[in-house]
Structure formats: structure tokens, C-alpha cells
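A quick write-up on the structure given underneath.
Order of writing sets the labels: A, B and C. Residues in every chain begin at 1.
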Amino acid sequence: MNNFLSVKDATDINHLIERARYFKTHPHENAYIGQHKTLINLFFNPSLRTRLSTEKAGTTLGFQVITMDMAGGWKLEFEDGVVMNLDRAEHVKEAAGVLSQYCDILAVRSFPGLEDRNADYEDRIIHAFRKYATVPVVSLESATRHPLQSLADCITIAEHRKTERPKVVLTWAPHPRQLPQAVPNSFAEWMTGWDEVDLVIANPEGFDLAPEFTAGAEVLHDQAEALRGADFVYAKNWSAYEPYGATTDRTDWLVDTDKMALTNDAYFMHCLPVRRNVVVSDGVLDSPRSLVLQQANNRTWSAAAVLEALLVR
Amino acid sequence: MNNFLSVKDATDINHLIERARYFKTHPHENAYIGQHKTLINLFFNPSLRTRLSTEKAGTTLGFQVITMDMAGGWKLEFEDGVVMNLDRAEHVKEAAGVLSQYCDILAVRSFPGLEDRNADYEDRIIHAFRKYATVPVVSLESATRHPLQSLADCITIAEHRKTERPKVVLTWAPHPRQLPQAVPNSFAEWMTGWDEVDLVIANPEGFDLAPEFTAGAEVLHDQAEALRGADFVYAKNWSAYEPYGATTDRTDWLVDTDKMALTNDAYFMHCLPVRRNVVVSDGVLDSPRSLVLQQANNRTWSAAAVLEALLVR
Amino acid sequence: MNNFLSVKDATDINHLIERARYFKTHPHENAYIGQHKTLINLFFNPSLRTRLSTEKAGTTLGFQVITMDMAGGWKLEFEDGVVMNLDRAEHVKEAAGVLSQYCDILAVRSFPGLEDRNADYEDRIIHAFRKYATVPVVSLESATRHPLQSLADCITIAEHRKTERPKVVLTWAPHPRQLPQAVPNSFAEWMTGWDEVDLVIANPEGFDLAPEFTAGAEVLHDQAEALRGADFVYAKNWSAYEPYGATTDRTDWLVDTDKMALTNDAYFMHCLPVRRNVVVSDGVLDSPRSLVLQQANNRTWSAAAVLEALLVR
């Protein structure tokens, strides 16, 4: 694996899941893998789980891990040929080139602005780093995707499925703020790319995700219909793809115990952070069917599997 | 020891002091203790000494240490049953549950607001982490207590006492800003709980600490009377418990060489940071009787003793 | 070596270069050097290269490295005898004394204010830490100097020179913001102190550096004349020393391929971050004669050589 930006980089999802589960059960025996290697994590946006789980994965594999918050420093220029006489003090060409000399793997988090869809969907920050870095680049969530989360979700489903081909429902849920599409985009492309589950996506009219991510999934606008018979319910809010960034006040899409009763005793999933009693009720989140902590735990092991795969490329 | 939030968690103070002094004299032989263990330090407020000494203690014992500044991230919700549609993006239930999966000990700093006494004295942030974390929780200073400081103070007194049962005076001192009661509360409950010193507390009328912390100590409102015969003088400003958060401009309570002359050639102590010539004069702070650097040094070893005790619980 | 603040601390530049090049070619064999040692990096100003390269150098030598951003914490007092009743909560006497107990080497970054020349050129923050710390102090760029950069520049020139005594030209270049003189001051004193190159400094009238740094160098106000026959061209903007902090809009001083054609097929150097097409054209920066990434890489090895030298003092 040369980089880890989307499901397309994962040539063998089941092998990654297998390695992640191996690291999870053997956490203390793998420090030789990253010996004398350095992992740099660059955060252009805040992070709790991603930062901690990736640091933990790195040190578990023996990496020297350096985490850098870019919000407090100078701004980078991502356009080529520009006369840099405004507020951007360094070009990504230099930044990526320099950073590549200080590390063996470069991980980057960068959120979308949610104002200019074309700019966001070019995902220019992560792609600029991939273009100019001379070491493998890992997405810690980009403008359009969150692949380490999706791999952790695959691991969690693999650990809990009881049927050969479970029904997985990704349902839109309410939220007071405008959120990116990165997590649902990524979840959709990983579920369909993995091809071990049947994916149904439920969202209000006007909230369909970009078609490039949902090919192979069934898209419904009736939440109850979608939930019927589900083995896994994955709740997540996102703002609209068209008109880009639009939000809606559909509080009736909150996932509660009545809705979960429509399912096949489904597990509940969410990537966290989650707003209780807005996205999902306390009753669902505090029930034994909730897998949200397990998903968060698997973030460490999905990162470990990816870091290993990038070294043996 | 299951957690470390107050003196009540320390079942044997002298054993902690002994272990701290052992680590101080044998700093390079204990990396086996925290091998394969992770310590996460969460800071909701700024820190210099606490952060550095706790990181140093952790790595001296072989822990992987991750320090996280929470000020730059999203806000946590601490109330149960709330509809989280305002500015708090994650509930402490999830945060503590997730963090517990990434570490073996979770340390938290969280200051009081100094506006609502009931809220502050519930100490809800540290208690919420204790409630929802599945690993031991350490206070890096909470709204009402600073136990790692107090243990370091015990160590420092143990190292310097020349009598069986020295007289220790905790004296209020002036300060231009409104400060918490955490350090003096904690110092009082540790000195009386340790029961190897006689504690006298001196403060202006109206600045008595909460009674739950001062039982067993003599409280005087005449600083000179309190200082007479003291073996250790511990200076610290605090705002009033009643009316909560009130301050006063009693610059006559500054500790200077004239006041130290009233004592039994006492050592001077302060937890730092200290405002020179406001709390204490240059003459006292720069004299060989000042133990402020020794106290700061012992922060490392008090943290080491606590981390060890939490692993062998 | 007792501290590393200026070229005067480097008693043998060629030995430092030699050690740096040894560490560069043997990066995985030197973790014994800093075993059981702690390096603390204090940043009063932002940093990318300096932070990452110094962290990498420290861990390569086996140090425990702690990096601390001081911008988010309380302010330090640097004056003696002050009544500290304003916004500065801790005196550098205590801060430096405390930090010295937590580490074996203390590294500090602190930029100038560019308003009061006397205050800036006293370089009081770094000197206060040198005065009160009981461990060696390293400059991570102070108000007037950036010695780790200059040593990296010496290494880079040593690696690429093809003549016994190359001609090195330090040329002022345009920039939209007011910048310190630290990098050019330091480069000038290291090039003349090293005494293995001929240094020519080119800058517009009114932009001469302080004489204490340029003794031994030729100063010209005609860029083309200076560049003729150069083997290395080092571009850098700086604001005026007299009147202090003045800037100018001399965009004709940008370094482009036409100007480089005047040289002896010179290498191009810059300390980064660099504003493309303001300081230097894309054509020069993207050419194989650009050494900017090599300079950045050598930051790691210059720091490693300095850390080692401070331990064996």
C-alpha cells in the first residue's frame, strides 16, 4: 500500500481486518515493526479519538510519533505558481518535502470548508501532501473521506456479525450544526467495496450523498422502511451535497428505541463524538447493543494495520 | 489505590513518601513498572509544572505518555439526560469510555469557575471522569483539590524536618487576581491527614477555608501570632469560600524577612507560580531557606509514587 | 560546550559538522548518548522545522523529548526586583530553576518584538534562561540569532562545495512582512567564524546588518555585482537595523534564474519558510541547484551534534 486516502488504496480489506485483530490481541509484541521509524501526525483541525488512537497505534508498533497542531502555526499555500505575498507563508511543496525528511509516514487531518463544493471535493490539502511528500501519506480525515474510521467500522462489524451477509443501514440523523460528508461517504465506499454486507442508506429527500460513493448501495428516503430487518444501524448526520452544505431540522430522524425495535435486534454504531438525544437517544446509546466504544477502540487497531501495510509496501 | 483525587485515596501517605524518595534516588531503574502502559494527561486548563513533572514521572516509570490540551478541542457535556443541541459536542460518558480504552491511567486537570460554589465544590468534571472511566483517574488539580502538589509538599517537609512534629503554618498571602482554594484545601487535608505535623492556618477574617478541609488545624486571623515558632511557612493566596470568590487587598499579609524572623528559622514553601514582591519578597524567595524549587522537583516523584500505586491496586 | 546561543559557543565548528554528518549516516546507533536524559523544548513562538527536527534529533540520540508551547500558558516576568502585580504570573528565576530540575538540556525559542532595538538586542529571554537555568540552554532561534540553522547551513555548504574556499553570497530579498534579523545575523557570524568561505552580503542601502555580525564580510549594495562568481546564494529577507524594523518594497531584489545566471552555477539556499515568487522564483526553487530541502534535513543533524556536545561538556 502506497498511501491510505480512500478505499481504493486498500487492496485487501480482509487482510487489513485480520492484521488489526491480530494487533488487538497481541498488543505488546510488535514494537519491532516501526523501530527507527517516525510517524508525524499533522492536524489542521481538532481531534480527540483520531489523535489518541493513531498515537497509540504508532507507539504500539514502535514508531517515534510526533503530533503537530497546525492551527497555531503559519498557513500553507496549496496553489501552484502563486505570488505568495499574502497570508500564506509556506508552500506545501516545501512543507511536504521537508516533513518527508523527518518521518517515514505522514498523516494529515484537514476538514472541508463546506462553502465551495468543487474545492472541497478536490480534497486539495490531502492530495497536495500526497503529491509532494516522498513518504506514504495517511488521511486522518480529509474533506471527503475518513478511511481509518471506516476500516475500524469494518473491523467492528466483522467482530459482531452473526450472519454471512448482514444488512447494514447507514441512516442520516439530526444535528444542530452543519457537518461534512466525510464519514458517510467513506462508510458507504468501504461497505460497498468490502462487499460482505448489504448496505442500505436512509436519508431525507435532498440529502443523498454524492453518487460516486453510494454505487452498490440502496438509497431510501423512508427511515422506518430502511431499518426493518437491519443487523447494524450506523447513524450519522451530514449536510447536503446538493445544494452543498444545506441543513435541515428533521428531528423526527433521531434514532430511539422504537426505531431500533424495527430492526433485527441490530447493533447501534456511531463514529463519535455524538450528541445525545439529538442524533440518538440515551436509551439506545446506553444499551448493550451499542458498539460505539468498540468502534473507538478499533480505531487504534485499524491505524496499526494501516501503518504496517504502508511500511511493507 | 483505585484513583487519586484526594487524601482519602491515599491509604498510606508514608508509604507513598517512601516510594517517591526511592524513585528520586533511583530514577533510572524503574522503566519496567509502566512497560506497555499508557498514561493520558488531559488538560482543560494551562499547566507548566504539573504537565512536565507528570510526563517526566510517567516516562521514568516506562509509561507511554500522551498529553492532550482540551482547550483547543470541542466542549464536553457533563449533565445526564440532556438534549445536546447547544455547544457541547460530546458527553463525558463517551469521552471517558473511549479514553479508558486508549490508556491505563487517565489524569485530568480542571479548574473551578469561581462563580457558583455549589457547582465548583461538586467538582463535577473530575468526578464525571472517575464515574465513567474504566481505568484509574488522577487529579492534576481539580476545582477543589491539588493532591499531587500536597503529596510533593509532604515529601519536601519529610526531607527537611528537624523535629519529630514540626509546626507548619499555612498563611494566606496577597495576590492581584482571584484564585481557587484547591491548593490550600488540599494542603490542609493532607497535613491533618498525614498527622505528623501541627498545622496552623493564618488568614484574614472572612477567608476561612471550607470546614471540611480544616478540621484538625488551628485557624488564626493574626499572621504574626501564627508564624511565631513555625518550622515551615507555606504561603498561598486564595479567594473567599464565603462570600464565594471574594478577594481583598491586604498587602500587609505579604511574607517578608521581618515576618520570617518571627519563626523558628522556618523554611519557606510555595507551590508556584509565585508573584514576587506581592505574595513573598525577593529576600525570602532568594534565601537558602526557600524550598520552592525542591517542592517543584518533588512533583515528579510524587507523581511517580502515585502512578505506581495505581498500577498495583 | 556549555550552552548553544551563538557561534561563540561553538569552539570547533568543523568538529560539530563532522559529528552531524556521522549522525546523518548512522542514524540508528546513537540512542545510548541521551539515555535517561530529558530535553525540554520551550516555544514562545510558532515553529515547524525547528520543532520537528529538534524532536527528531533528540529521540535519535535517545533523549526523552518534551515540547511545550508557552503561548497558551501564563506570561513570564524577566525583570529583577519587580512587584509582580500585573499580567506576568511567574518569574523566569523560578521557571528556569524548575525546568532545570525536569531536564538535562533546555531549548528555547523566542522572537523579537521588532519595536525596541535595545530590548531585542539584549535578547533577554534567552539570556535570562541561560542565567537562571542550571542545565545547558540551546537557542531554537532568539531575537538576534538562529544558530542551529546556521550550523545546518555550514553542514550543507560542506557537503556541496567543490572549491577549497567557495564564494558565499547572502542576499537580502523582498518580503511582504516585517522580519527579524536573526537568520542573517547568525549566518554572517557563522560564515565568518567558520572561515572556510568568502562571505559577501548584498542588501539595499539602509539594510546593513549590525556591524557586530558582519565583521569579516564584504557588504555590497549592488545585488548583481555581489552575485557574480558566487558558488552559493543564500537569500533572506530582513527588516532594517537602522531605523529599526523598517521595511522596503524592493521587489527587484527577488532572486530569479536571470540573477542565478550571473553566478558560478551557484547552489541556492534559504532557511524556509519561503514565499515563492516573492523572495525567489519557482524556477530557481524547483531547479536541481536548490538546496533548501537539504538544509532542512540538516537541521536534524545539526541539532544532534549540538545535543551531544552539550552532554560531553
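Rule of thumb we're sticking to: a contact is a pair of C-beta atoms (placed from the backbone, for glycine too) under 8 Å apart; a residue touches a chain by one contact, two chains touch by 3 or more.
Keep in mind it's a predicted model, so treat the numbers as computed, not measured.
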{"item": "Size of the rotation, in steps of 5 degrees, that lays the CA trace of chain B over chain C", "value": "120"}
{"item": "Interface sides of chain A and chain B: same vs different residues, half threshold", "value": "different"}
{"item": "Chain A and chain B, separation of their C-alpha mean positions in angstrom", "value": "39"}
{"item": "Shared interface positions of chain A, touching two or more other chains", "value": "none"}
{"item": "Chain B residues within the chain C interface of the complex", "value": "27-28, 46-49, 51-53, 55-56, 59, 69, 71, 176, 272-278, 282, 285-286, 292-293, 296-297, 300"}
{"item": "Footprint of chain B on chain C - complex, ascending", "value": "36, 38, 40, 64, 66, 68, 72-74, 77, 80-86, 89-91, 93-95, 97-99, 101-102"}
